[in-house]
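Listed below are the structures to be examined.
Each of the next two complexes has subunit A plus one more chain, namely subunit B in the first and subunit C in the second.
Our next item is the complex of A and B:
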């Protein structure tokens, strides 16, 4: 097989893609790597990897197709399989984190392995190809409920939000999110062993870029679940929080690359209900 | 009590909380008309720290905000974890925090720490009060014979050479030099450890006054913490100490706004086993409601002093026991200058082994006997002393 003639093989393969640098993709994958396996889904619009934590948290990395120099998905089949996300990110990083390497991905058909061809930019004529075995995908949780209306939407600067989360006490289990059209608009409350801590953020704050909330709402989440987004926050520039009336929290994070293209990560977090 | 602390000083307070957290698990807070005192004590009561913030450390200061009739300030105990939680990252605090307000919420019995941060963010911590006691240690820092003032870097650079597993350090001070070395436990296999010794000249220090040469041993964990504190604030460190068995006092102050005292018990490197040597800062607690606290302390003092004298007696007994063979050795060797030097130098390499073995356990007793056997024999010849025989014994142990 001649790997360089990509166009020739496109017709035979379910999915092929190539990229100049796999570095950003790798850090995005690491940000959602809190589970061993991910569901790899190649859509015509882009590539999406999804991991789930105990049916409570669903995290996805979404890479729009314009991040790839070439991107082909057969439109007559569903390209969806399970893959070890740890192995995948390790392969992308095979030349070390200091090395930019170009990346090509091939997936022939259902049941075949995902092939990666990596070529470091600084060294000529060095190439690695990796074969990562795949499994048939289970169904992915559909957490979004179309019937529940959105009750609040916030757009925050990711680094500042990360700073707030990092300051929360580690030993806490529960985080309470109070959103209100009145001042203070956002209030994050945690309960420690004996103490209560409260962080108030008015909508006039520099870190709040937009704030929409009609009626006061209080939502409770597991703090360990919220903590899962911290790695993704660290590489993102902006985060959108959406709360729906059933309490489901959706966080959408935008990662801006040097070439002006964007990658996204997305977290659905289910609420704690009052007992 | 209510006070406001400007952003730059919040960093100092944060550093203080982190330093105190290395000492104890509980933080005692007391407000007086002109200052606030933070104190802590470790569980073994061998390390104590007190930091005093004067009125001018604050932008607003009222020690008795919810003026109660008895005109008393606040005395309370909070968990150190709570305090640490407020000052998570002291290094960046001055950039993030604009103002900190500490006040007592009389109704809910909580101490409120309100941090006004950049971006209009307000962080409020409602900290539970565990107790309404004040705590104070009794120690002397002014009438001590030995005082050293050290630039903050010297000692921490010297400590950088020690293993992170070392837990105690011995300071041997004389008017010519200060020797730091790691303290070697008797139970440790001497072949498996690294012994570190660093000699510092008096000229390295800003102030160096030794009236009574002595050797003191104290814990490294707290020492490292207080050095980090002095270094973070870029302030020199003063050491005040007497002799082994008496607490050593470390002082960090900037002259006007705050003063920190760190008191560490010193154990007897030259004598005792760990059990007898953990030394004691003598702690006196007075209840808030104890209207006459001086009376209370007066009552307690005699008892404490008995304790001290008792343990000093014990220790000096042990100390003498160890000294006897050494005296014999030195007397005999002093007839010949050259040999004296030799035996001294060989004595030095064996020193930790000699002095650390105390008749606390049967094994140690045997050790002492075999090490010093020759000293008690009438035909003792110091020329046989140095060399392989002693080393062999220590290895087999």
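Our next item is the complex of A and C:
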């Protein structure tokens, strides 16, 4: 395709993008795939897919546009629709996880299917095209409250934090997070049927890269909600935890790729309130 | 009735074990037909009626066995038909990949048995160990032989060479998570397309530049609401809708070292997958088309 023709295509379509390998995108999607459908949103600065669990957890995969070799969104329209994230990730993986394949995405206009064209890098006599149906998106929850101040911020190494979460007793429902400027800074408490277990992480620990907390604070979450981040932790290098004064927990995970570009996932988790 | 055979070469023993593994994946029961120059494995579908068997595998004995003696039922009926559990057989042959020799014989114990004597090398000494497996078999009576005759299938409309089976299986397995049926398209121009259609998605994986062995067109599409494929002359394209799981099971045959695999299609009715190996083994799988 020559350039003038590509420009034509770009102006016809609401959204077009291409990428040399769809593999990382696929593993990022799998990390937030705890619901059947996601809201697919192409913003000028990057691609964002969001899933929600009830009204309690919101997870997003965010791929900045510099990860794409070509990225074009029409600026006069909103590119936002609902799509099956399970089907999308199976399609991205159609040649298997051992195969790097290039990816092109096209979305013509509202109500059109999302078109994917995949071509493996190692063989050239095969390609796959997918038409994935799209639906109108419901609005995405706005969980962030601008009026609530940030009360604590931690930067942790993702693999170590994953190990810590894996150690917690699976049958527990509630996880308590105690943060304080005093030793032991972070203490994670879970309550089981007959026991209470506690893990202390002082800020001098290897897994803590930075710790900010002015006043002691205790927050409670449902453990199954926290566990939803584990797949994303497994593919990330670093995680930032932010607690705001209303108890909302925001986790930002950074996925490092070989080519130095970055992709992110983000989880908002609503606290359990004392009754 | 008599049957005894000996295998001593590592290559054929490995292939034999692989072939039996594939068969055990496709079906619990199989028929072993022993003939003067060929061993046959036959799997037929219980409720298929007059349809061809699910699997038909021919193993030329001269390529595999160093000794091979058999005496059939009588002078007129020179073969032996045995019914056995393919799982039993494949489990017994697990160790064959490192064995020194395999002796197979038909024996009469408490019941008729296929006895396998596997000679295993020892890692610590020159001596070998002998492992004997007795697999109970049913000797199929003469009057039922006709049920396991060589499949008589309609002439295929197209025969096209398949791309690497492993690649194909990965793709089919991804498609299987989204749909239970796959449509296989093949064109006289050497294109092969695997397609699924659901409410959620339409996914087509297209292979090109494949060798077409035979084409018996033109294909009549007048009775179907077939959508045209990428500006190609539809009279040179045929298709068949098949069960994705069955297709995937055959594709696990990529473990058997093979020369080539042919896919023959009887338009809308039948897909025949045929794998040829270096040792002249022919493994054929028959998947009937799903028509609404």
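In this text, the second predicted complex is superposed on the first by the 268 of 275 C-alpha atoms of A that agree within 3 Å, B and C clash if a C-alpha of one lies under 4 Å from a C-alpha of the other, contacts with A are read in each partner's own complex, and residues count from 1 in each chain.
Here is the rule we use: a residue touches a chain if its C-beta (ideal position, glycine included) is under 8 Å from a C-beta of that chain, and two chains touch if they have at least 3 such contacts.
The shown structure was predicted, so the numbers you read here are calculated from the model rather than taken from an experiment.
On the shared subunit subunit A, the superposed partners subunit B and subunit C are arranged side by side without overlap. Judged by the touch definition given at the top, the superposed model places A:195 against subunit B, while subunit C stays out of reach. Contacts of A:205 after superposition: subunit B is touched, whereas subunit C is not reached. Look at A:147: by the touch rule set out above, it reaches neither subunit B nor subunit C.
Contact with subunit C, but none with subunit B, is seen for A:133 once the two complexes are overlaid on the shared chain.
Across the overlaid complexes, the C-alpha centre of subunit A sees subunit B and subunit C at an angle of 60°, to the nearest 10.
When the shared chain is aligned, subunit C comes close enough to touch A:87, but subunit B does not. Looking at the shared chain after the overlay, A:182 reaches neither subunit B nor subunit C. Of the two partner chains placed by superposition, A:75 touches none, neither subunit B nor subunit C.
In the superposition on chain A, A:160 contacts subunit B only, with no contact to subunit C. Taking all C-alpha atoms of subunit B against all those of subunit C in the superposed arrangement, the shortest distance found is 5 Å. The residues of subunit A shared by its contacts with subunit B and with subunit C come to none at all. Subunit A contributes residues 84, 86-87, 90-91, 93-96, 98-99, 113, 123, 125-133 to its touches with subunit C in the complex. By the touch criterion given at the top, residues 160, 163-164, 166-167, 169, 171, 184, 192-202, 204-207 of subunit A touch subunit B in their complex. The touching residues of subunit B, when paired with subunit A in their complex, are 79, 81-82, 85, 88-89, 96, 118-128, 130.
The part of subunit C that touches subunit A in the complex is made up of residues 163, 167, 170-171, 174-175, 177-178, 199-210.
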